[in-house]
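Following this line, the structures themselves.
The same chain A turns up in both complexes below, where it pairs with chain B and then with chain C.
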Partner chain A sequence: MTNLEIAQTNSTPGIEADWDSGLLRLRGDSYPENSFALFQPVVEWVETYLRDTQRPLRLELELLYLNTSSVRALMDILDQLEDAHQEQRPVSVTWLYDAANERVADLAEEFKEDCTFPFEIVAKT
Partner chain B sequence: MQPLNVYALRETFNQERILLCFNGPFTALLIEEIGTALRQHLQALEAAPSAVADVFAVYIEMTQNIRRYTLQQNLSEARAISTLVVSQAEAGHYILSSGNVVTLADGQRLVNRVGELAVLDKAALKAAFKAQLRRPRDTLDGDSAGLGLIDMARKATAPLQALVLPVDEEYAFFQLHVVL
Partner chain C sequence: MTKPSPHDDVDLSAIAVLLQQCEQQDNPLYESLERLYHRYRQQQRILDRLIRIADQFQLAERERGHRYQSNYQRQARQLEKIIRISDHYHKMMRDLNHRLHILSTHDELTGLANRRYGTQRLEQEVNFVNRHGGTFCIALADIDHFKLINDTHGHAVGDRVLTQVARCLQTHIRDYDLCARWGGEEFMIVFARAAIADVHPLAERLLTAVSQPLQTESATVAVTVSLGVTEYRVGDSLDKALVHADQALYRAKTAGRNRVMCDHSTHLV
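What follows is the complex of A and B.
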C-alpha cells in the first residue's frame, strides 16, 4: 500500500499518511465545502491499513478550525480507530494545539469524550 | 440618476458598528477570501483569540449553508444574492446577521427549527449536536452534516433569532441573527 500526501491549503488541512511507520498526520484549518470528498481517501487509507497490517496506528492532529462537516468526517475516522481498539489493536491520537487558542482544546476534548483509546491533548509551548 | 448617498450608508454602518458587510452571490473562493479578511480584521482590532475563532466559525457555517442551499435550489442569479453583516456589540461581543432567499416552505421550516433550538440550554444543545453527529451518513442531505444551526446556537450567547419576509408567492427572505 502507498502513502498518502495531500498538500495544505487555506481551507484544507495538510494530510500525510505513512504506511511503514503507521502514522497519519492532519494539520491546519479544515473548512472545505465538500469535506466528505476531502476525507474519503483518508477513511480508505485507514481502513486498508487496519485490514492489511497488524501494526499500531498513530494519529497526530494539529488541526485548528473545523467546519461542522469536517467535524463529522473526523468523527468517522475516530470511529474507525475506536472499532480497531475494541479488537485490541494499538491505536492512539495526539492532538497538539496552541495554548492561546482554547477553542481548539474544547473541540479536541469533545472528540475525546467518545473515544476509549489513548487520546492525548497537548498544548504547544 | 441620483448618485449613491455614501455618507448616509456610512452613517448606518457607523451607527450599527458594522465591521464587515457583503451583498452578492457567494462563491467558494469569496467565502474563503472574505473569511481570511475577517479573521485578520478582528486580529488587528485585538479581539480575543476565542472571539476570532467563534466569529469565523459562525461566518463559515452561515455562508456555507447559504451557498449549499442556493446551489441545491438552483436559484437564479438575482435570487442567489445574499447578505452577510458582522457587527460589534458591547465589549467583546459580536453579531452575525445573514439574509438569503428561500422558498416559503423552507423559510417556515427554518424559523421553526431555530425556535426549537432557542429553548434548549447548552447541555441540551450539546446532546442535540452529538445526536446529529451520530446520524447515519446515508440519512444526511448530500454534503451537509446537518450540524450548522446547532453549532451556531452552541456558540451564541443568546438564542438565535430568525425571521422570514415573503418576497412573492413562492419565495421569502430568511434572516438569521447570531449574537456571540
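What follows is the complex of A and C.
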C-alpha cells in the first residue's frame, strides 16, 4: 500500500498517511467543496491499513475549523479506530492545538467523548 | 394418544376414546370414524406447524424491528453530535469574526476607535447632515509636549499618558459621540447633531477633565491637551472641515497650548 500525501490549502487540511510508521496526520482547516471526495481516500487508507497490517495506528490531528461535512467525515474515521480498538488493535489519537485558542480543545473533547481508545488533547508550546 | 391442540376447539383425545370403543364393539362406523380421525389429526398437525412457522416469522420480524430501532437511535445520536460540534464551530467562527472586527476598527493600545473607523463615522455624519439638515462638530485634540514626555520619561510612560487621556476623553463625551485615535498623540472627536455654540463648553470641560497629572514611581507628569473645533454644515467639504479643525488646533498650540480654539470659517467646496 502506498502512502497518502495531500497538500494543505486554505480550505482543505494537509493529509499525510505513512504506511511504514502507521501514522496518519491531518493539519489545517477543512471546509472543502466536496468533503466526500477529500476524505474517501483517507477512510479507505485507514480501512486497508487496519485490514492488511497488525501494527498500531496513530492519528495526529492539528485541525482548526471544520465544516459540518468534515465533522462527519472525521467522526467516521474515529469510528473506524473505535471498531479496531474493540478488536484489541492498538490505536490512538493525539490532537494538538494552539494554547491561545482553548476553544479548539473544547471541540476536541467533543470528538473524544465516545472514544474508548487513548485520545490525547495536547496544547502546543 | 394425540394431545389436544391449543389451537383447536375439537377434543381429539375424546374422539380417540370413542374410536377405541367402536373398534372393541365392532361398530360398522369404525372405519369411517378412523379415516375421519386421521384426516383431522393430520390437518391439526399441519395447522400446528404453520402456526409455529408464523410465530418464528413474527419473532424474526420483531428482532429486525429492534435492530432497525437501535440503528436508528445510533444514527440519531451521531447526528445530534455532528450538529452539536458544528454549532460549536459556528460559534467559534462568529467570536473570531467579532474579534477581527474589533481589531480592524479599534486601536490596540487605547481601545478607542481607530482612524479608519473614525473616518467611517465622519462620513456617516456628513451623509446624515446632508440628508436631514442640521450640523455636527469635529474636534481634534493633541497631547501637549508629548514628544518631551516620551523623551524624558520613556515610551512606557508615554503609553500610559495616551491611555489615560483616551480613557478620560471617552468617559466625558456623550454616548452618541465618538472619540477615535487619529494619529500618534492626536485624537478626533465627532460631536453628533450638535452646533459649535453647544460644543465649545463641552470641549472646555474635556480640557479640564483631561488635565490630570500622571503619577509614576519616580515623577509626576503634567498632562494637558490642545483642542481645535469646527462645525460641519450642509454641503460642506469634509476634507476642508478637517483642515480647518487642524488649523484651529494649531492656533491653540501657538497660543500657549492647554486650550480650545473654535473655527468659524466656511468649508464650502
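Operating definition for what follows: the second predicted complex is superposed on the first by the 125 of 125 C-alpha atoms of A that agree within 3 Å, B and C clash if a C-alpha of one lies under 4 Å from a C-alpha of the other, contacts with A are read in each partner's own complex, and residues count from 1 in each chain.
Just so we're on the same page, contacts are C-beta pairs under 8 Å (C-beta built on N, C-alpha and C of every residue); 3 or more make two chains touch, one makes a residue touch a chain.
All figures in this text were calculated on a predicted structure; none of them were measured in a lab.
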With the two structures laid over each other on chain A, which partner does A:102 touch: chain B (first), chain C (second), both, or neither?
-> first
Which chain makes contact with more of the residues of chain A, chain B or else chain C?
-> B
Mind working out whether A:111 is in touch with chain B, chain C, both or neither, as first, second, both or neither?
-> second
Using the superposition on chain A described above, determine whether A:75 touches chain B (first), chain C (second), both, or neither.
-> both
Partner chain(s) touched by A:4 [first = chain B, second = chain C, both, neither] | neither
So, does A:35 touch the first partner chain B, the second partner chain C, both, or neither?
-> first
Now for A:65: first (chain B), second (chain C), both, or neither, which partner does it touch?
-> both
Contacts of chain A common to chain B and chain C in the A-superposed view 65, 67-68, 71-72, 75, 103-104, 114
For the complex, which residues does chain C have touching chain A?
-> 78, 81-86, 88-89, 92-93, 95
Residue set of chain A touching chain B in the complex reads 10-11, 31, 33-37, 65, 67-69, 71-72, 75-76, 100-104, 114
In their shared complex, at which residues does chain A touch chain C?
-> 65-68, 71-72, 75, 103-104, 106-107, 110-111, 113-114
So, in the complex, the side of chain B touching chain A is made of residues 28, 32, 35-36, 49-50, 53-54, 56-57, 60-61, 64, 67-68, 130, 133, 137, 143-145, 147-148, 151
